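Chain lettering (A, B and C) follows the sequence in which the chains are written, and residue indices restart at 1 in each chain.
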Amino acid sequence: MVVNKNQTTAGKQTGFALLKNGNVVMGLVTIAAFVVLSVIIPQFLTVGNIFNLLVQASSIGIPAIGLTFIIITAGIDLSLPTTMAVSAILGCAIMAKTQSTFLGVVSILAIAMFIGAINGISVSKLKMVPMIVTLAVSTVNIGISNYYTQGKSVSGLPKSFSSVFAGSIGGVLPISVLVFALVAVVMHILLTKTIFGRQLFQTGVNEKAARVNGVNTTKIIFLIYFIGGCMAGINGILTAARLNSAGPTMGPQSAFNNIVCACVLGGASVWGGKGTILGTVFGSIVMALITNVMNLMNIDFFVTYVIKGLVIIAVCYLDVLRNRVKGSR
Amino acid sequence: MKKRWLGVALTVTMTATMLGAGAATVSAAEGGETLKIGFSWSHKNDSLFYSFDESLAKVMDETCKEHGYDAVEWVHVVAEDNADKQSSDISDLITQDCDVIVAYAFDNVAIASSAQECKDAGIPFVLYDRNMAEDAEPKADLFIGLDTYNQAYLAGKEFFQMLKDDGVEANSIISIMGATNDNNALNREQGFTDAAKEFGLEIKQTVPSDWDAEKALTGFTAAFQANPECNVVLIASDFIVTAVQSVLEANDAWYPKGEEGHVYICSQDGFPTGIKFMQDGYMDYSGMYNVDGMAENFASAIYEIIEGTYKGEAELYSDPLVVNAEDIESLELWGKNYMDEAE
Amino acid sequence: MENQTSLEIKNISKTFPGVKALDDINIKAHGGEIIGLIGVNGAGKSTLMNILGGIHKPSQGQILIDGNPVEINSPQDAEKYGIGFIHQEPVMFNYMTVAENISLSRLKGKVNYKEINVIAKEYLGKMNCDIKPTDKVGELPIGSRQMVEIARALSSGGKILLFDEPTASFTDKEKQKLFEVIRDLKKQGSCIFFISHFLDEVEELTDRTIVLRDGKVVITGNTKDITREEILRNMIGGEVAQVGNEQKRTFDKVTMKVENLTVGKLPDHVSFEIRRGEVLGIWGLMGSGRTETLRAIYGIDKVDEGAVYLDLDDGRGLQKISFKDISNYCGYVTEARHDDGCMLPWTLWENMAAPNLKAYKKKLFLDYNQQKEDSKEFAKKLNVKAPSVFTNMSALSGGNQQKVIMAKWLMKKPKVFLIDEPTRGVDVGAKAEIQRMIRELAREGTSCLVVSSEIEEISALSDRVIILNRGVIKGELSREEIEKHTLMSLCV
């Protein structure tokens, strides 16, 4: 039996052991890819393009950070994109009527949190299957979005909304990217340095044993779906600000593919027990990168679809390879 | 071992494929000035869109030399029916230093933010076929559209004229319209309504379809049940006619012209499906897209827009081609080019 | 007796990557004898049996059956050579009948049900077994299923029978029945290998005893000629401290009082008290509600009725504690450690710190360094054999895993320790250590509530024993009164 001295899930790896870490290797390869791309595509490494890439990454990454918490328990939240859309729509409607950016932002967050709480109670207390419940909630979201808007996006938002939430610091750093970074830092700390984080991992690795250890697994499971809702809400605010409107097409169900792919690419496993914020951020950037590069290189969009599909398949296979050890030795 | 090398192999393959595919598509401009046009599509798997693409490419190729360009380079990006993605796609086009950016807007409100972005970057912004919402700002520098009101009105007039000439009495006219948030759909509905009025007719029931065949089917089923004597159906686009076919067949009312029980149908757009139905006699009239006309409008204005010397109308509309079964052979119809796929 | 079969295991060695599981094993056996095979986990017993059973191929050496060298490359080959394997958990098709299971290899094409029923009856009869050939295996108790497995082995001509720890979950009665069958089989000429942890069973049943350690045969001889101490010493390679023989102790205050604890029928209005430093054993048959009682006390299962009182050493005496807070004051070593006892993919230090995270909260965040330090200390204290606290839990042997689990609760300094089957699946060496640990804990003042199915263990550990039967306390015995007969009689 091989004993891996440097293997921990909460501690730090040091020295050359780092190079053995598959994740680090992937990170290095991606940096190399960045370098190569910047040579081949002249406009790639411009400030404008990199920030555009990061803005798109934030749109995938912020919900993906929420999903990371959930995926650690082998749960799933299919409603993230549609929650973003419906909370943005209803919140913007309030914002348009009251012309108060503050009220609008608060509403968007509140509605998204509410939906997250519904998911949380259904899974944690009512013991419903996460995939089914969140899919159902997602369908309701779509229904409400379409019914309320009748297909026409909500507009007429106060100017302060987009100038604040879609503006940039110093004219260069987009707010979306700043928020993405802040959220990542806060969530990373929450996941790795707090009791909540450790208890979450315990719940994900072995729920029964976690309960024996005194973890209130019901509360933990509720909280992660609630966090998912918060993330969807934050994303809703930022996206609505960028588009200066809110419509049901903001969050198509298909956006979920990018989100879950970002998580798994970053090291989380759909079987639970694993996940890092840094990995998810990395995964989001890669997913956004694919699209960005396809566009910049004027690649036929069929090819993009195929490549994205292949990436998803490869990522799923990677997940199986990494985690197939469930009990088998 | 396997796992980390797979990750490496994955990234390397991705990069290699992208480079390979990119190398194949990027055309090097040799000497002279190339006109770089970026086109942001809302989606692309639509024969009408391919037709737009082809027609524009052709007309721009023909006209670029006289305006001092050696070639035209098109950069196409496709959003997957996602407003956020379209916004990001347009940002990518701006990064690519296009001379002008054209967009088939997915969300007629959200597209305004992209218009703003283009304005800030100093790149002319053109909307194709779908215009911005009334109250959205800033407006695009140019809008190329089909006069959708006329599309229905003119087609409708000839259609109702034919009915009058043939001595057919119109019972319970049902109209299946597009999406209520789409200006085009609203215009067409209005066009039909006005045309009917001129013949003393009015639309008995309107079915909103949201541009979705399923909705059209369920909506029309209900409408036809309520009005079984209906013998005139107005539809907002050809793809809806298959829904109409299902309902009429189920109610034993699907007969081609000349046979007893024929229901008269007037449609729009001119998709290959529509043309086929017209050839077979089930559909009577259609107000088709004047794809070439639109492309010509585009070419007539675009060069000056880029120079900044354009003084014409910000919105250019083409008239439709009103077509009935007899005209199909003789006319240049965009849909005919895609007929094989329609089978 | 017909032609006696003979089996010779000659110079057999087996190497797995990094580990030499068997080292030059030589064993001669013949029909008509029962050989006991003893060894700690990892000594090589299973590997040897698996080689005979066709699951592994030896790296070196030969197997001779009836004087002829044979190659056993698959379980089918083993069956062909007359080797039958009877597992601890019988491997059966539960939805099929007894007859079908016995004649599994004959179920090809069109099945002649009459014929297989006759065959079944014949072999079951050889064992004096009254199971009907048409019974569905899934409905039979585990002892009967073993009979079916034996019958299957016999019906395919099994002359050499390998019994792998067959009595692990048996009652006394079932065990005696099995022994009768085995003795009968011996009389009929089978050569029988009996692998067991239970030294008294080996003493009772076998003619010869072979002890394996680290892949080598360390002792072999007639069972009646070898003492138990000799066996133990050879199994572990060192002296083993004996548990037991303690003077009676007196206890003062009550640390925990359980009142009318009820969860459905298991437990059913259970009440008892436990004093400081006392080890209270809970005894009963499978299904009597022992584990359920522990789970109810600990607060994992929702109780219908009842309460638990703890003395928190704060001068206020016994206080009623709500069930969701009990885990703050009690430790709970569960019955099935792989199921809910620990986080297998995690390292040792992570597991040890897991229930006690609140203690490591430094301002807003967790202090991981302190966790690692403390776990190093406790791993040492409990003599956990592992390369470091950064080793994965899954790499440890059962005994060491159990020690880690005990350590994690000890780090929390509980008032009461609930322990369910402390040495299940643990090798003899670690077993003694763990039992010693429990006695020591008790001496230091922690009350221990111990559930065990092993009479020796319960009698060695407990100061008092309560007996559960169908969720109800049927009796209580003090240390001196603990005796096999009384324990069993109070159970039924």
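Everything below uses one rule, namely that a contact is a pair of C-beta atoms (placed from the backbone, for glycine too) under 8 Å apart; a residue touches a chain by one contact, two chains touch by 3 or more.
All values derive from a computational prediction rather than experimental measurement.
Participant: Using C-alpha centres only, name the chain that sits farthest from chain B.
Facilitator: C
Participant: Point out which chain occupies the most central position, where each centre is the mean of Cα atoms.
Facilitator: Taking the mean of all protein C-alpha atoms as reference, the closest chain is A.
Participant: Could you tell me the distance, in whole angstrom, between the mean C-alpha positions of chain A and chain B?
Facilitator: Here chain A and chain B have centroids separated by 35 Å.
Participant: From the C-alpha centre of chain A to that of chain C, how far is it in Å?
Facilitator: Roughly 46 Å, centre to centre.
Participant: Could you tell me the distance, in whole angstrom, between the mean C-alpha positions of chain B and chain C?
Facilitator: Their C-alpha centroids are separated by 74 Å.
Participant: Flag every residue of chain B that touches chain A in the complex, lowest number first.
Facilitator: Touching chain A: residues 2-4, 6-8, 10-12, 14-15, 17-19, 21-22, 25-26, 44, 75-78, 80-85, 87-89, 91-97, 106-110, 112-113, 116, 133, 135-136, 179-182, 210 of chain B.
Participant: Give every residue of chain A touching chain C within the complex, in rising order.
Facilitator: 1-11, 189, 193-195, 198-199, 202, 205-206, 208-209, 211-214, 216, 273, 329
Participant: Give the list of chain C residues in touch with chain A in this complex.
Facilitator: Going by the criterion above, the answer is residues 18-19, 298, 300, 324, 327-328, 332, 334, 339-347, 350, 354-355, 357-358, 361, 364-366, 368, 372, 386-388, 390-392, 394-395, 408.
Participant: Enumerate the contact residues on chain A facing chain B in the complex.
Facilitator: 20-23, 25-26, 29-30, 33, 36-37, 40-41, 43, 46, 48-49, 52, 55-56, 59, 149-156, 162, 166, 239, 242-245, 247, 249-250, 252, 254-255, 290-301, 303-304, 307, 311, 314-315, 317-318, 321-322
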